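Please go over the structures that come below.
One chain, chain A, appears in both complexes that follow, with chain B as partner in the first and chain C in the second.
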Partner chain A sequence: MKRTIVTRPAMSRARRVVWTRWGITLLLVLLLEAACRLGFVPKLAVLPPSEVIAAMVALLSTQEVLTNVAETFSTVAIAFTASVLTGFVLGVALHGAPRLRRAIDPLLASYYAVPIFVFYPLLVALLGLGALPLMAIGYLAAVPAMLIATLLGLDRVPPVLRRVARMHRLGRVSTAVLVILPAALPNLFQGIKLSLAYAFIGVIAGEFILSSGGLGYAIAFAYDSFDNRTMYGLMLFVLLSAVISNGLLSSWESRLQRRRGLQ
Partner chain B sequence: MTDATAAHAVLHGVTRVYPGANPVHALGPIDLSITRGSFFSVVGPSGCGKSTLLDVLAGLSPPSAGRITFEGQPVNGTVPDGVGVVFQEDSSFPWLTVRDNVAFGLRRIGTDPAEIARRVDHAIGFMGLTDFAAAYPAQLSGGMRQRVCIARTLVLRPRLILLDEPFGALDQQTRLLMGDELLRLWRETDATVLLITHALDEAAMLSDRVGVMSARPGRFIDLLDTGWPRDRDSRIVSDPGFGAITARLWSSLRTESMKAIGARA
Partner chain C sequence: MIRRREGLLDGALIVLVILIVWQGLYAYAGAVALTPPWQTVRYAIGLFGTPSFWGHLRGTLAAFGWSLLISAVLGIALGLWLGAFRFAGDVAEPMLTSLYTIPKVTLYPVILLLFGLGPSAKIAFGVIHGMIPVVLFTLGAVKTIRPVLLRTARAMRLSPMQTARHVLVPAVLPEIASGLRVGFSLCLLGVLIGEMFASQRGIGFLIINGINSHNVRLTTAVTLIVILFAVGANSALLMLDRRLHHSR
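On to the complex of A and B.
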């Protein structure tokens, strides 16, 4: 008997992964919603996701929350930008000074073993109350990620590309701009993504500990006041902000990879 | 072993020692003259300094002693105008398309865009990459990526082309075909070619002249004129003379190769 093979347009693997990811997330949210509504989870502890979403939307229309959002985001933006710039410059400088790098390498490797939040009181004493110590915490949390990524990126530039640059008689600046930076870009991008995440974590956590404003402070205040709607609404907003900013950077990274024919 | 007539590149008493706590004498002294428009290959045991020879001749590495001239001008640590190098490793830029890779050098020297387009089209077509002009290196095979690198050098119209085992990572059939393309390129450009290779058959097939190097520190222990006509291709492997040339190269090289791996001849 003759068999006919019917071919259907196949969904690309990447698209399948994305749909699966969203599907699992939606399923978990629906399960939580059902668990809350059916009383498996006490409402005092966890709100149903639908109520959390409604609370977030309502909160984002209040001036007080918008002020906190602006405060946190501007602090994160400054800490992130400063950490990326100085992390990159320090990485380049350290890459060009192998002896100094050998001396500093163990410190870099163990940097994240140190809970930098213990320095918060010192930073407050040095920089006063306000945004500065929070920026410092965000910066200190983020800068090594960029520094390490820069070192790694420069290490991974194939030596033959530097020889190609010499073959084309490129100067130091042209070699850096036309060959080294594009070659190191995938690693630099990883550093940028990690720096944003660490700056965000540092600032929000700093606001939790000791601050009179910002999203972290607002969440801590709502927690202390047993105001679950505000607490969960703001938590969801922070979560979405982190996911969206990371998603934007990831999509930019994917575009770069596609430009290299890697996707 | 020098030939002053029509010399395109000349090395006189060239040595290269890598300094350090235990200095490594990698090369020389070397005396060599490469005739303008000739195809010269260098074979030698592993680690004998073949690539070091290419580096000092290209100006990528300064000699420790001796004198190098290209077209009568001294070469000392910078790549002279008119010299193009194709490296052993894949040196294509992964962030650029084939077309942009090939155009890279011309854009750097500020060539007119219309002229760039014309020369890049020709080089891409010559290397059989026309259908892949918009592709990125990651989308190409190893052989095609190496052709991109050759096209990137070719488009600059070098008068001396230095190739450092460019087909080392390719399979035998592809090597033979790439060898044919290299011969065609050499004939059409009238450039002088210096090919570093570890493959005796490749050297015997492609070259007007083959230099055999000793184990480190590399010196020339034999120079062999193949006597092939200029209009040749890979089919000469079936010529009776091909076996004789390969046999002579191996005869010169065998003892040196044994030395290089620490075995007894």
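On to the complex of A and C.
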């Protein structure tokens, strides 16, 4: 019986996947462009991608937009950092208190079932208008993701690693830093990525609904005043920022994992 | 049994803590922010006696039902297809993940321009929120199906239809249930946000209307109803989900 051994190196398939992905993206953009140019979609509703890109570049050189960008990004950054820190600390604490964890579990399980924006008016009433309720909503949207990921990560540390640490007579701190943290890292990273996404979504949506500044508000304002160029330009910028920041975290993650020989 | 009684006690304690925090918030922020628990519950029950509230509720539930149905059918079909063709799945998965992480609220104007004001825009908005998790869960389930199951099916000379009916579907069902649970929540979120922006009907409209006219009683009561509905439905689906995962 003749057996053919597939000798194609593993990288090549991964590379083909990546290239196909970019190809499809490009194709979709080109299709949209063609559909707009040929009048298949109403010109009033959808701008062709080339014009959207041009509008985005033009917008990013105006002072007004840059102020909005800085406002939104700093709000997201604060909400994200605070939520990752709190989520991690709460996760570690809750992992050490099984009874409390069992009691809180149903709350965590249905947390994301509640559309968090229903709390927005309450936050505005408590914290006033401005960046504070936005920060709060981004924070509240992101904390449980990090908390759940931390719990999962700690759950999945193999008991044998803890035993090895004990065998080597490691102290509490060095066990945590040298053994447990690295073992829980994949889940922690998942939590960090989700926290960033949720903080971003929370802040932008908050600005969209009720706010007087930031990117979300600028998009809503452009929509209300039929300014399609500004609207699409800003929209593209927001979407690109989300995708790129997520992509950066992902590539950092896979680099770390590769270094540890996990991938 | 002891574990169970402990769980009930803990549940009661949690509800008590929530009520105390709620009452505390009321004491701190006053009637401009929210109404106290008891009053809210009474007002919420009263809402169910008014015909106009039922109109809003029906509007939201109809849009929600349609968007969930579309998300489920399209999501499962796309997930099965992407899972069956490994290359397509590998290409599509990160694209879907980044779609999942973008703030989809920003797309709302486009949806409105394409679908116009009205229920179809709300439904579309629910679908773009709810469909992606269904696809991702289904795709993951098909991709990680144990090869031995498929080999067994081949060894028993099952036809493709029989394989699907007796092997594939039972194997991926628990994951699909998890996907549908997440999709359920996100569809609800999408429809509500849709109603908050541009609608004259529905629960989301009631909330935003309450905010704009400073009708705190209405906002708090509707918020409570939404939360109870979301948590109740999620708990029921979670139970179903766990039962499916355990029966395997």
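The working rule: the second predicted complex is superposed on the first by the 252 of 263 C-alpha atoms of A that agree within 3 Å, B and C clash if a C-alpha of one lies under 4 Å from a C-alpha of the other, contacts with A are read in each partner's own complex, and residues count from 1 in each chain.
As a convention for this text, contacts are C-beta pairs under 8 Å (C-beta built on N, C-alpha and C of every residue); 3 or more make two chains touch, one makes a residue touch a chain.
Predicted, not measured: the structure shown is a model, and the values here were computed from it.
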- Message: Going by the contact rule set out at the top, does A:Val173 touch chain B (first), chain C (second), both, or neither?
- Response: neither
- Please work out whether A:Pro106 is in contact with chain B alone, chain C alone, both, or neither, and reply first, second, both or neither. second
- Query: Of the two partner chains, chain B (first) and chain C (second), which one does A:Leu38 touch, if any: first, second, both, or neither?
  - Reply: neither
- Of the two partners chain B and chain C, indicate the one touching more residues belonging to chain A. C
- After superposition on chain A, the chain A residues reached by both chain B and chain C are none
- Message: Can you tell me which positions in chain B touch chain A when the two form their complex?
- Response: 58, 60, 78-79, 81, 83-85, 87, 89-91, 93-95, 104-105, 108, 135-139, 153
- Listed in rising order, chain A residues that touch chain C in their complex are 16-17, 20-21, 24-25, 41-42, 44-46, 99, 102-104, 106-107, 109-110, 112-115, 117-119, 121-122, 125-126, 193-194, 196-197, 200-201, 204-205, 208-210, 216, 219-220, 223, 231, 234-235, 238-239, 242-243, 246-247, 250
- Note on the structure: Listed in rising order, the residues of chain C that touch chain A in the complex are 6-7, 10-11, 13-14, 25, 28-29, 32-34, 87, 90-91, 94-95, 97-98, 100-110, 112-114, 182, 184-185, 188-189, 192-193, 196-197, 207-208, 210-211, 216, 219-220, 222-223, 226-227, 230-231, 233-235, 238
- Which of the residues in chain A come into contact with chain B in the complex? 158, 160-161, 163-164, 166-170, 174, 178-179, 182-183, 185, 259-262
